[in-house]
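Worksheet: the structure to be examined is printed underneath.
Letters A, B, C and D name the chains as they come in the text, with residue numbers starting at 1 for each one.
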Amino acid sequence: MKAGSNKISIPAILEVGKGNLSYIGALIEKSGFSNIVLFLGQGINDMFGEKIRQSFKFQSTKIVKTIENDNIDINNIINTAFSIPAEADVIVGIGGGKALDVAKYCSFLKKLPFISVPTSASNDGYSSSSCSLIIEGKRTTVNAVMPYGIVVDIDVIKEAPEKYIFSGIGDLVSKITAVYDWEFEEKNGKGKVDDFAVMIAKKSVNSFVRTQFNSIREDFFIKELVDSLTMSGIAVEIAQTSAPASGSEHLISHALDKILDVPKLHGLQVGVATYLMAKVQEHRYERVTKVFRDTGFFEHVKTHAIKASDLEKAIDLAPSIKPNRYTYIHIDEYRQKAKKLLQEDEILKDILV
Amino acid sequence: MKAGSNKISIPAILEVGKGNLSYIGALIEKSGFSNIVLFLGQGINDMFGEKIRQSFKFQSTKIVKTIENDNIDINNIINTAFSIPAEADVIVGIGGGKALDVAKYCSFLKKLPFISVPTSASNDGYSSSSCSLIIEGKRTTVNAVMPYGIVVDIDVIKEAPEKYIFSGIGDLVSKITAVYDWEFEEKNGKGKVDDFAVMIAKKSVNSFVRTQFNSIREDFFIKELVDSLTMSGIAVEIAQTSAPASGSEHLISHALDKILDVPKLHGLQVGVATYLMAKVQEHRYERVTKVFRDTGFFEHVKTHAIKASDLEKAIDLAPSIKPNRYTYIHIDEYRQKAKKLLQEDEILKDILV
Amino acid sequence: MKAGSNKISIPAILEVGKGNLSYIGALIEKSGFSNIVLFLGQGINDMFGEKIRQSFKFQSTKIVKTIENDNIDINNIINTAFSIPAEADVIVGIGGGKALDVAKYCSFLKKLPFISVPTSASNDGYSSSSCSLIIEGKRTTVNAVMPYGIVVDIDVIKEAPEKYIFSGIGDLVSKITAVYDWEFEEKNGKGKVDDFAVMIAKKSVNSFVRTQFNSIREDFFIKELVDSLTMSGIAVEIAQTSAPASGSEHLISHALDKILDVPKLHGLQVGVATYLMAKVQEHRYERVTKVFRDTGFFEHVKTHAIKASDLEKAIDLAPSIKPNRYTYIHIDEYRQKAKKLLQEDEILKDILV
Amino acid sequence: MKAGSNKISIPAILEVGKGNLSYIGALIEKSGFSNIVLFLGQGINDMFGEKIRQSFKFQSTKIVKTIENDNIDINNIINTAFSIPAEADVIVGIGGGKALDVAKYCSFLKKLPFISVPTSASNDGYSSSSCSLIIEGKRTTVNAVMPYGIVVDIDVIKEAPEKYIFSGIGDLVSKITAVYDWEFEEKNGKGKVDDFAVMIAKKSVNSFVRTQFNSIREDFFIKELVDSLTMSGIAVEIAQTSAPASGSEHLISHALDKILDVPKLHGLQVGVATYLMAKVQEHRYERVTKVFRDTGFFEHVKTHAIKASDLEKAIDLAPSIKPNRYTYIHIDEYRQKAKKLLQEDEILKDILV
């Protein structure tokens, strides 16, 4: 037993603001790095390549290699990681979830600090230590390393297609059902929540859902969303498990990923499942409903033609995704209730096909 | 430059709930401690001594020494610390701010883990690493050690005299002006905010001020207050400076401490100064006003007879408390504005004498 | 700049003693682990399998999977790592260098603690954080993770074929030339030694070379060898570079690895190159000569038919192995001196073919 | 259970060399410090003040305060610590044991990095985290902080009066009996040695006692002594107990401190007790005898008139100094054996009065 409490890793750099992509060179140099390996996601070079290169123009920090790579297969990542030049002292990843996961896992393998620059806020992966990789053909979540830095350009996030913003909203609101599932496990003697992680996860989602806004593209709203997703990543780091950010609603989404040939965006699936499970849990579903209605999440979901029949299959498959957990979806009674809601709930009937 | 980001200390134990004082023995034993030194604040033994002793009745963990001591003079603390028996492996402090500071500093000197059990939520000291001690006759803030654990009994906090709850509210809302002062320093090239600490501080206060409640004594409200004050302590730990929790409004309160023979409760002074400075900063004063009005803070302050003339002196003295900072109160123009508000602002005229 | 000095990782378990293989189950259980994945090198199961399984007979700790795998190709390791069952909480590797490297890298990928149980003391890899893997067909040194524990059975080490013991002696004595090369770099303004790492490396080799012994198979001698190699691994960890353990003599050995179809044992090649470079450096070569003569290292080397002509090529190739370093072998003048010694030195003429 | 082994603190700066006192300014500036508080022991200013000040002449680092203070009373130290100016970012202590303890404890209280610059090598305190202070009138060992840096000027150490060098030799050789006592405790089921700490402690003393030398004032010998005492401090840090550096021989010395009005130098008392206890333990006493004879330690001790009768009393008192330990001196049979040796051992009869 040691004095002085737990140690957790938090990003040493956190910059969330307007126009940050133009300052990326200066931000990285200020942090003392000299030789950058730049990972760019698909399309990033076309959209932002010039701006990014310009940002290094007057810096002594130099880009020693640029890698455009969205391929999350572990064998690709291994080869990429060990082709990184020896003089590199930092990895900067700019792009969506896959590009960041490639860059993050290369950072882990090479023990280099990772600076995460998401171009959309579609989920909390940019601020967490975990990656979603393909290992022997299967999508697998593996633990890598907490980002050394997070740099977010509000202007980039808000100009991203609206589906990404809605995905982020869905992923964030899911903390409500996720935390409740975790507390349910504890009440049933199947584990122990980390109170600190719970507190952080709750504060992040509560601060967000209580925010007043006019448009989901206004700066203030986007900043709240990004900050809250960042804190959600920290809650996972504190807990040393994904439980504070991922409960039954995530299991349903993971099940959908297996069932569908072309899954929908992570946060959209998660959001729908969050509404469903909040009703099952009979916990804060009014709040969830209000946020999803006010932001236009429900309306947006309609455009993606999610099938109730797929959700039904996903409900049955969900417990087997993580058999060691004990969430609401692991209980037969609640699975039946969920399936009944699919048939009867007015909102679900409206947004699903 | 190291991979893997910053490391910060967070409490390994965080238990905020109803009736926790009855489980204190079990909670501490579960954490693996054997020999406790118990520090009790004034009056605690009378109020809760029996309950605390009962909680150890069926535990193998034993109390090797009980110390009742609210004397924050450093010489007293030194003697107390080095009288702690060698077999002690944890220090548990139960009481108000002074009792916790004595226990916390003894923990630091003896390099023992410290479990902080506040009996009021009158400020964020119970979750921070700093102490307020008397050194050579002067009240001095010194850095000690982050608590290993925080245990809060909601029932105890909510039954405390209401002045303590109002003091906690005042201390928490002050993060609004404190963070704004810090950002003001950065804008003026006088320092650099830690974005992560700012984010945590803002989330803690925003989650709180956006909370709906019926009574300041309801469980839900008290839990939000305690959680938010806890997060405020963490923000200070992340920042490695008190800046995210303490700006011009705290300097005014510290100045009052010097001016008054018998200062008012810390959080009451801070709260009044927060309202004043929010008006000076022209930043979120509507929100501050709403919270202080809805909770009854303003009404409560009236019962303490704080003098406008003392506040005026405190405004002039405030910058000299921390001459190296550069908050709004360090600028002559804003001091004049503050003093004018003392004369003209309707609310201030109402609550001050 | 932080108070409290540097933090380095050291093994939490270090057990070097007679018969430890029979206690391996108890040792691991005592450390609080429940579910072991056991990595066994080639031949280990035949030789020690029964003994190892017996050691778990009366323990509640259980072996959840046994993996016999000496294949250091990264693709093999990836697949192996991600086939480890989720309930595993520790990886135990028992065997020679390759088996330990496979186990160590799997531990790194899965973020599990690694317990290193070498069956020979042929080099200091069992106590270091680095691995030698095959990546895209090439032998590559990569950084993984410091062992959580090291368990050495003196009886096993001393019954290993003598070539392994001589290899260990060669690898240990090489710290004399390695450290001198590092200091040479510093003197020439090409880097900075870490004085603490230098001190540890010197103490480890000096304590060993000053040890009196009757036979290289006596317990006391084996223990000194194992302890000294362990400390050499720690010196590398402190320095965060292999420099305190690897100088020009290692570059010559790495060059031989490239030149020869079937390289000799690492420590034998390194030992010969150490003698050569000590003569080139004109530094402590009497001591090196004495140890290699007294232990029988020189006599043993003769049985391996190392060719002077291969060494000559290796000398020329050596600087290109690590072009960023600046050891004696990077200087043309000293390479010429080394090649001349190959022709003229009586001992080299005697032991090489 | 965490992956990645134990973390220990080691000095970030370690510079042991000739003339280092002249480079102290440059060494500290290179480490990134700006504002130094300099603690000087008694007499240091007269002897080295000019040299130290000169060393800062061309540095931008400045001395913000110089404190000459050898008073190890805790009340003095508290007042001194809290008078340190806020801008100080490092404490440098130059002097003997008491001056370093004052500086070290002030560093601990103020959470500032401490750079230890011993002017004699009379014991291993300069490289350890513990201090010997006077608390309520009694000499008490308290835990403070590991030095951030250690800077030793070989020229200063070797010109110190020879009694300090002999004291250092006595303190170092005592690791032989101390480690044996610790292993004795383990064998008797009274505790568990830390194998890593044992290994480091043994390597440090063995490397030293096997060193060949012509004079105790030659550079090489002094450097070995300083390095070995440094490693002894590290062994204590690893073990998180003084056991690897302090056994029955130290208890006898502590007992002498209580018995004598004017105790002899720590390392001299310890050395004599080490010889005595090595005979009692029947462990490596030939080696101890050889080192003490070859270095002239025995001859030197004669000049201090240590009384056999005082040692006899100290033997009886020793176990009570640390009643929780279980060394040879805690066993009545061995205390009798020790007292008999005082009467009969030829060497003891020769060197004691």
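We adopt the following convention: contacts are C-beta pairs under 8 Å (C-beta built on N, C-alpha and C of every residue); 3 or more make two chains touch, one makes a residue touch a chain.
Predicted model, so just to flag it, every value in this text is computed and none were measured.
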{"item": "Identity of the chain that, by mean CA position, is farthest from chain B", "value": "C"}
{"item": "For chain A paired with chain D, centre-to-centre distance based on mean C-alpha positions, whole Å", "value": "54"}
{"item": "CA centroid of chain A to CA centroid of chain B, Å", "value": "33"}
{"item": "Per-residue multi-chain contacts in chain D, two or more chains", "value": "111"}
{"item": "Chain contact topology (line, ring, star, complete or other)", "value": "ring"}
{"item": "Contacting chain pairs - touch in the sense defined above", "value": "A-B, A-C, B-D, C-D"}
{"item": "Residues of chain D that touch chain B when the two form their complex", "value": "74-75, 78-79, 82, 86, 109, 111, 135-136, 140, 142-143, 324"}
{"item": "Residues on chain B engaged by chain A in the complex (per definition of touch)", "value": "1-16, 31-33, 89-90, 107, 111-114, 145-149, 195-196, 199-200, 202-204, 206-207, 210-211, 227-228, 230-231, 238"}
